[in-house]
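Quick one: the structure is below, and I'll ask about it shortly.
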């Protein structure tokens, strides 16, 4: 009889709602989220436009809905990149002898010094500004933390009896990594992924604020927030909806990460 | 008057009862052993005496200490803090982790005395700490050492010095030598006994090791499944066990029958909360009958007796 | 080196940016020659390295001013901001995280915990905008933005520092709180804390005397990481509060394709990260005597 | 084309920098420093210069801060756009309109204490050809010789008559430098103006001090701080909380309401030289057909666009001529909004359904307007793909240099820039010999010929639909109520600080 973990439930529900919204937005939104209609610009919330409209007369609710897609895309790409590079790197650092491992981790530390922002701007300039390039940059910038976490997890696995036994039996490092180490760090990867997801969502918002985020007309919560700047005085609601959406998404993924951590590592149940 | 009187102690976590109805007394200067396998509830019993159970583990019943005019169960933290370390001290099982790694040994010993104002000044407390180290046969220059610079045996002696620093009325030791090398076990045990004898402190000694109980204690209580199943003077219990569990335990530890084939108790200790009702031992007991489904009553006096429907050394019903 | 390679493939050219819109290709080529951009990349790189060894960070293509003093001015500004924010974060996070851990099953702990989760979820610039709206625009208690060097006008410096430091500190504090909480929870489970209680210390004094120093080790790690990433990460808050910090300098450098400047800033960051790592290691040793003898 | 003087165009150097102005520097108006009272003023500006040297660095930010304030020119424009005396008390033009003789003031001094003489003027004019690197220097190509007849008399001979040259002398090209004061232009400008450069806090502000040895009427404020803001909201907040006294360029027109509704502030709304172009790459096959270009112009509802992306501030224009130019005429009727007409034109030209790349610089107004343009053009049956290019670097290289684009949106803020923008070598790739002839005739002719030919040129551009003109950026200034001397229209490239005063 296991108590339901409140973080997991709350995080799961929030993330579920976001995913559902994103899926729903493929088949239905109240309005075309990018349709510009000056005749209804800056409408206050009403039955026709639940969240009102922005300065282009676009429906805010529709934009929030389609924006959830961007948010998920942002997270998936960033986390994907970080995981695909960071996990093998972490496992490698854990399995190699002292000095190559040191080298990997030192390089890793230095990569931390390389600002994600700079990377994002450069990528944008080289490959063209898009959500994708910005997020690949954010992903690369998240590699160090991934590698670090995975390495510590993998080190623990390497010390377990079954790995020692496998090594004693003369199995090659690669099969050991594949059969023993990777499966045992998946829980860590999952936890780190949801945390990085939240970070990526925040990073997209910050990049958008600086004008390096998702380019128009793709709806994005970060850009909505940025566009709402000049209306802070006259129509603060334009900042409120995307602001809440971003905070909720970050909250959701953080809670999910905490919940998963408890679930995978019961001895840390209190920890959250 | 007894130093410690525990009556009807129950310990439970949420809906699971871990310790049931434990009665226990320790007289002045008396050395009492509490014996049982892991999971038998002996450590929980000790922790509930100190009031240091984890937050969600709840004790009930009564624990009284001589010289304290209130029950320790249900007492507030402030009152308990005054007692702990002064009247009641404890040595834990794991010397490697029991000391603060970031604090010098001397400060850790002196702290106990400073908390309870048994030595008014820092320098007096430090001098007393040097003296205590000497009594556990450690050089005084270890005062400035950090725990990691000491071996396990040395650390356990430091823990002992801390526990004895305020001449407690009762010292509780929870498996103090289990984690130590065999070679230093004897020394530590010796120091414990010397320490309590020198201060006329009472000792409650928790262990699973019958040989240790035999050397250290005068009286012994046997716990299984969260209950005291037998108690009495060490010699009597060990030579003439009445409870079938005690009997099995003695046979397994092979104290007497040296050279003969090792016997074990069949089955394994159930997980906490999964002990059978009635006699907690009946699912592993060769003598169990339907009668054992009811909880056996205590036979004998409060200090010597057993709880078994089919005690050893008695004709079968 | 990475930076060098990267900037070389960036579209855009500092000479062209400097000359703007209608520059002829000849004029751009001439200016490139003046900037030394016509040389091969390795030559430029070695040149820069050589300057670095002499302690010379070089001269900006665009402003023609020595970069060294600029970078250090900006670094100083950002450091003041970040350290102030970190101080606020620590002051918030240590007590809050400790209470959250010590009372993690009680309402007060859970409520604080929820609050910190929300804090983590708010982007720092949003926090900044809200703080400005309330304390500067509506209430008029503090200036909305700007930066005054402390030597010039200490009172104004402090007044202008409050809001940006707060907006950065609140968010970082919320993040830090979670690490403090988890570190304290770990410590609470330690045997030595039980020993301390057995000595007669009450829960909070026991945690204070025996727990904090031990809990500090993981917290210091996070603190170091935050400090390093914030040197540039603070740029968004710098933008909101119009603070001439290192992040803004880097952004300007990139947008003007001022290769040397960008290279220098990244260089400074790398040094800063190494320095922070070093300081963190020193702190470890100060905090944990086990690390002093060199053996584990 | 060569003969046309306007070679240079300044782009909006950063976010919507609306070229700002006032009329000429110096002696014109209101009183000297009042006794007591507030002697300092802070102005909030948008784009911080990267360097203080406008001889090698382009962009509107440097002349905006320094020209007319720190540097002065021989002649300047007054509020109505007329060329009036500055460091030259008067001048005469020879009958062949090739030789200009200037009589210079005799009491002007540079801030390095050297007197200003005709020799400095000769030095400054020649230096444009030798030391300047920005493209603006081409405006001096027409000068054959400059010589000092006496310390106070300068003679300039042109290779051919040019109306544009004297006009250009009112811009930064005409700035007078000291022969001994050009060693550190990027960091220490030295000029004869009413203000002296005092300090530059990079990333934050430029501080100017009143030049107490100024030869003309001394300005009101003792110290003026030009503070730079990248974030429009921060700029607004700075005024609201009293950190600055003036927003010289309102970037977020939607936020104006918080000032219009407040007693403490005055809002000035006028015009500028900043034409916001929806530019076409005329070298692309799809734009070679005039019907496509016309269709695009008629598919855009300019009024709705202006309302949407610039809060209705600004003025609708139909060609590359702002209302402050003498040859302005209202050409908004040439291509009125007519969706049906646009659709049929597109059908006729075969461009219907074509996909056009709209490559936008990362500037707020471009991003905003781009989205409206996309939406409106798609209603007319075109497909528009928006691309954002980092401004300035990526945009300059990709769009401006390589002309790798179909359409873009950018404000051209240089005065009288129609010839330079619509040239076959410029990014518009607009090759129109008839236009070139009109411009050449205008530059060489007398005043009437100039007027006629320029008017024809403006009309020709509009009728040929060489690009679409979305709107003219407004001169939007918000300032403390009691501040006087702020320019109504921004038609020069400097922001005149010498006329500012408190009432």
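Per-chain numbering from 1; labels A, B, C and D assigned in written order.
What we mean here is this: a contact is a pair of C-beta atoms (placed from the backbone, for glycine too) under 8 Å apart; a residue touches a chain by one contact, two chains touch by 3 or more.
Not measured: the values here are computed from a predicted model.
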| item | value |
| --- | --- |
| Per-chain Cα centre nearest the global Cα centre, belonging to chain | C |
| C-D against A-C, pair bridged by the larger set of C-beta contacts | C-D |
| Whole-Å gap separating chain C and chain D, where each centre is the average of the chain's CA atoms | 39 |
| Centre-to-centre distance between chain C and chain A (centres being mean Cα positions), rounded to whole Å | 21 |
| Chain centre separation (chain A, chain B; CA means) in Å | 52 |
| Chain C: positions in contact with at least two other chains | 10-12, 129, 239 |
| Multi-chain contact sites of chain D, meaning residues that touch two or more partners | 231, 233, 390, 393-394 |
| Residue list for chain B, restricted to those that touch at least two other chains | none |
| Touching residues on chain C, where the partner in the complex is chain D | 10-13, 16-24, 27, 30-31, 34, 62-65, 70, 73-74, 129, 132, 136-137, 140, 143-147, 239-242, 244-245, 248-249, 252, 255-258 |
| Partner chain C, residues of chain D touching it in the complex | 7-11, 13, 50-51, 53, 56-59, 133-135, 186-187, 201-204, 227, 229-231, 233-234, 237-238, 240-241, 243, 390-394, 396-398, 400-401, 420, 426 |
| Chain C-touching residues of chain A, taken from the complex the two chains share | 109-110, 112-115, 117-118, 121-122, 125-126, 198, 202, 205-206, 209-210, 225, 229, 232, 239, 243, 246-248, 250-251, 254-255, 270-272 |
| For the chain A and chain D complex, residues of the former touching the latter | 34-36, 38, 41, 55-57, 121, 124-125, 128-129, 211-212, 215-217, 229-234 |
| Sites on chain B touched by chain C in the complex | 50, 52, 55-56, 77-78, 81-86, 89-90, 92, 94, 97-103, 111-112, 115-116, 146, 148-149, 159, 162-163 |
